[in-house]
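Each of the next two complexes has chain A plus one more chain, namely chain B in the first and chain C in the second.
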Partner chain A sequence: MSEKIFNIDDLQNINVEGEKYIILQIGPSHPGSGHMRIKVWLDGDIIVKVDPDIGFVHRTSEWLSERREWIKAIPIVERIMLPDTVHANLAYVLTVEKLLSIEPPPRAQYLRSLVAEINRITSHLYGIGIFGIFLGSSTVYMWAFGDREPFIDLMEMLTGARITTSYIIPGGVRWDMPNGFKERAETVLQYMERRLKDYEDIWVKNPVVQARTINVGVLKKEDAISLGVVGPNLRASGVYYDTRKHQPYAAYPNLDFEIPTMKNGDSYDRLLIRVEEIKQSIRMIRQILKDLPEGKIVADQIYNQLNPVMKKNYEEKKRVMFPAFMIHMRPPPGEATAKVEAGRGEIFFYIKSTGDKYPYRFRWVTPSFRNLPFFTHVAVGHRLADLPTIYGSIDYFPPEADR
Partner chain B sequence: MNIKDELLKISSNIVIDEKKAYYKIVIEESAKIFDAANSLKNLGFDHVVSVTGVDYPDKVEVIWHVSSYSVEDLKGINLALTLPVKKPESVNQNETQGNLASKRPPVTVPSLVKIWPSASFNEREAFEMFGILFEGHPDLRYLMLPEDFYETWPMRKDFTYQRAKVFIE
Partner chain C sequence: MSFIPISLIIWLIEDLLYLIIFPGLVTILVLVIVIIWLERKIAAKVQMRFGPLWVSKKIGGALQSLADLLRYSFQEVIIPEKADRLAFILAPGLMFAFATIALIFIPVGPYYSVLFPSYYTILFSLALIIITPIFAITVGWASDNKFSFIGALREGFLLISYEVPFLLSVVSMIIIFRTYDYISAVQSQLNFLPGIILNPLAALVMLIVMIRTTGRFPFDITEADSELVLGLFTEYSALFFGVGMATPYVELYNFSLIFSLLFLGGWWPLNINVMNPVYGLFLPGLVVVIKAFIVMAILVFLRAVYPRYRLDQAVRSGWSYVLLLSILSVILSVVEVMFLR
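On to the complex of A and B.
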């Protein structure tokens, strides 16, 4: 394996003109988990330069959100991050709540964390499954996507929808926990713990997987920091950073959990860390189910605006219907930023309000977009056959990167 | 570390709201942005989260949101490094098509990729969406937009687009 090139100047100075290198176009029709093109310059089968060409599934979410009422941005951001919908929803709502100066009640905070952790497990299982099919194991692909199903059913039981839940609204959440949810959740968690042992036997400790992933796609700690990668990929390189700990939101200040970190920063560590995070999420869900406080699920500012029919609905069905305030919402002028730790990494929101019906500036950055340096910096120097390993291990999702 | 004092050394124009975790530092001249960015990096802000513009009628505000992975005190801070730039005069007022670059010339600011390599893809996105030319960026190409959107700067507020003229009856 040749020496890696991390200096961005050197990277640009490689002369890739002429006939010495083969240019290989991978994509744009679905090379992996979505539509993108990866342009690779090859010397033999050694990768000399990679140019990720993104934008094939660019859906102008910022442009659309700046021309709609505030509440209508929730479905838009959810549809960009399909495996991670709850986190996109939560990050946007946290930003709007900062502008509105609303604080949700404790029960709503716990329910937010609950649905977020369930969503994190589904997202990691999705990532593990995609990684499996990249390495040629359709067994793990089927297993992971099948085991994702019970958690999605849990989300449906709690929120009324499988994927695009739109569960979190400014001031609280839309549905209370239904009867029988705790027992159902405990069954699912025990099932997942059993299954994790199977995964370790057949996949994580499999010598074929280890041979293909250990020391492949190594990202050192200093480089991970300077390139600004996020989420499990950052922690696999040994950086102790998690938004849930360092910029806490929802119920995370009250929960007891650990941030797993690894040392080597190779593809195998990025696989291990996802398994470890699933274990931590299971631990957190148990705590939330045990400690869930009683009380309202929306802030008083929202509850007081419900009309008598809506209030009756709230008492009987434990469901929050949208008061007229939601569509006429005009947050006071100002700017707000918020960060949320999604399954794939950190979502960042920056919103500027001028007190108008629409946001003046709506900016968000998704984790996959910030993980792009893995293509330009980490894949260089490897063999072409290692590119799918690196792509799969970072849990990259093109529609999310394009926004 | 008192973050307020440290930021005041760099620029006198700062906004801090600790309750909402909102930090902003405004640099008035683009010549001073390199020094400011270097001082911030020495403080411990080691990566860029987002680069974007905010379009106003007379100016474009370029914002680098920076944060830290390595310094424990700064991990909870999202700092907005802001540089307002005046829009240049239009070259050709008589141009009828609204989207041509001659009528809405791009603004020019220094690129901070040399200081923060993590700004690279973000600056490319801000370039195509807002028409912000990052001087010194080693690879300032279009990232997401297709060819027929070149030099249209679609995220600016005066962007107009032509609806498709094909209707099915």
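On to the complex of A and C.
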């Protein structure tokens, strides 16, 4: 429906001085901005320039983590990515494990993948819901946030916490799968499959949604690659790339799943890809529940550090209490990196250790931060009403980008 | 006192009762409160929520809107420094007033005639309804806020695009009924067929224009919260805000009354020739209001289904599909008048 009025290349270097343009300060306290100010230059109704002013919710996660014991960084990184806590946790732990040279047992790997996929579904539902309210559909917003609940309950059953689980520790996971979890998970998955049909009826196939999103915010394949876009947004532009396939971690090498990709790279495709990924996650959770291997949930290095009381607790309750080793952990000097495919894209971790009880350098790049440049790129030339469409479709989470 | 005819006093009292109680202000207030409650309840039902609940829990939170109204009444009035004070204060009130005054010329029964009997009630009511959006634009201009101003511009664009189809759809009904008066329009429907069967195209156009003018979804464009915070009423607070939020519902009520009079047969199935306030006004009025209420309920249900269109899409469809439909409806009316009668 909406064809671009200007050529993007002409507008990249446009001079926005003078009184010709309306300058709109959208946010940081605006229903359509999130915790970020978006400065928009408008020529009539057409967007000439977009300047997202990031940093409003900067929480110094790197600084904090460099001044604490290694284990204490887990809650910090989790709180940066609230809809997507498990992946932040997992990425950090993978990096530390590389420094420590610990390999978790297969059961722990599967449990990690399980909780990560549950978390991916909640993260995508969160994104779909926010996209819904940005387009004006309170129904999808309420539905998506309501349908997150069964999955969050599953996470609570498995890990003991709803959102900030801190479930994954160096060497394994904290809790084993409780009795009755498989049946409960199967119920939830069947419920979600039923609900996905409802979402298609009222949201994905809604003529108004299609009119608003198709051909809006088109990101071409080459642009997606050169702008460094990650995650579902990259795959919506037709690039077949997923860290779970290309640099597999946890139990993903053993799982059979597909990476859905789209062709056009418009806002509608970015919506569809999230629905498709939810379906793939459901498929993966079923496989994990079927193939879950028996065995320990922590590596032997950690298990041997447990004292008799902790071992008794582990045998009875299947829960790992933290041995003193965890607090006084001093990874050998060196550098390590890890990549994890989170709900919104790829998390990259770099940590340098000097053998001290604190990390020497703690650096991580979150997917939202890497998806932001393309928002400023594609919004130019569209109408003001398309700004929330594009912004909602990239599933941007300001605290995650600000770190 | 003997020089004032007793009939004049009765006439005045009757008029006042019409204006204040039924179908006037009290009815409007009750209906607006009920429809807002119903809108929230329907949306909540679809969205797996309870909706308004805690105020008057036994009747499902029905008094929530009244509580909101009370809250608005006691809030602090904040007027921005750079706002045009006079326009800022007057515009919402005038908006509400004109939306309400239009009701004088919408008869709900054969006995109804407020102030003076007129054979041009359709024209008068349309004229008053069309005035309302001008004050909406004034609101946006007076606030001195970019979001309000963009909202006002959007309102202006949409107003122009949907006014013509609206008037044409009414014109096509005027052609069929050969009258400018609601009462005789209803009488001719009682004698023949309801207007929605005579000219379904006009009814469709009228419904679309109703959705647009009262800002229901998917035409909730002037108040788009993710783009314009609250559109026109971004800077408003207290009772001014409450009045501004209630005006679209009063307009919705007006339009629904007009729709039920022109298309749903008015007070059909009642066909009364007794001319007294109870049988000539109250009973048929009740039928009309119930029909209008059903129309309103259907329109507010759209909130649960549709997101909103973009401004250019709405304007484009206003000047293309809807205008085409309305022209076709006029042609249909002319054809019917030429061949059926």
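Rule of thumb we're sticking to: the second predicted complex is superposed on the first by the 387 of 403 C-alpha atoms of A that agree within 3 Å, B and C clash if a C-alpha of one lies under 4 Å from a C-alpha of the other, contacts with A are read in each partner's own complex, and residues count from 1 in each chain.
Methods note: a contact is a pair of C-beta atoms (placed from the backbone, for glycine too) under 8 Å apart; a residue touches a chain by one contact, two chains touch by 3 or more.
This is a predicted model, so every value here is computed, not measured.
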>> Taking the superposition on A as described, I'd like to know which of chain B and chain C A:F325 touches: first, second, both or neither.
In response: neither
- request: Scan A:R361 for contacts with chain B and chain C and give back first, second, both or neither.
  value: first
Checklist entry - Where does A:S137 make contact in the superposed view: on chain B (first), on chain C (second), on both, or on neither? => result second
Once chain A of both complexes is superposed, is A:F257 in touch with chain B (first), chain C (second), both, or neither?
neither
Which of chain B and chain C A:H30 touches, first, second, both or neither | second
Is A:I202 touching the first partner chain B, the second partner chain C, both, or neither of them?
-> second
Q.
Is A:K352 touching anything from chain B or chain C once the two structures are fitted on A? First, second, both or neither.
A. first
Check: chain A residues flagged as touching chain B and also chain C none
As the complex stands, chain A meets chain B at residues 8-9, 12, 54-55, 58, 60, 62-63, 98, 224-228, 234, 239, 241, 246-247, 335-337, 339, 346, 348, 350, 352, 360-361, 363, 365, 369-370, 372-373, 402
The residues of chain C that touch chain A in their complex are 43, 46-49, 146-147, 150, 217-218, 220-221, 224-227, 229, 303-313
Counting only contacts in the complex, chain A reaches chain C at residues 1-2, 22, 24, 30-32, 45, 132-140, 142-143, 146, 202, 206, 208-209, 211-212, 383-388, 392
Note: in the complex, chain B contacts chain A through residues 20-22, 24, 46-50, 52, 54-55, 63, 65, 69-70, 75-76, 78, 80, 113, 116-118, 120-122, 129, 138-139, 143-146, 154-155
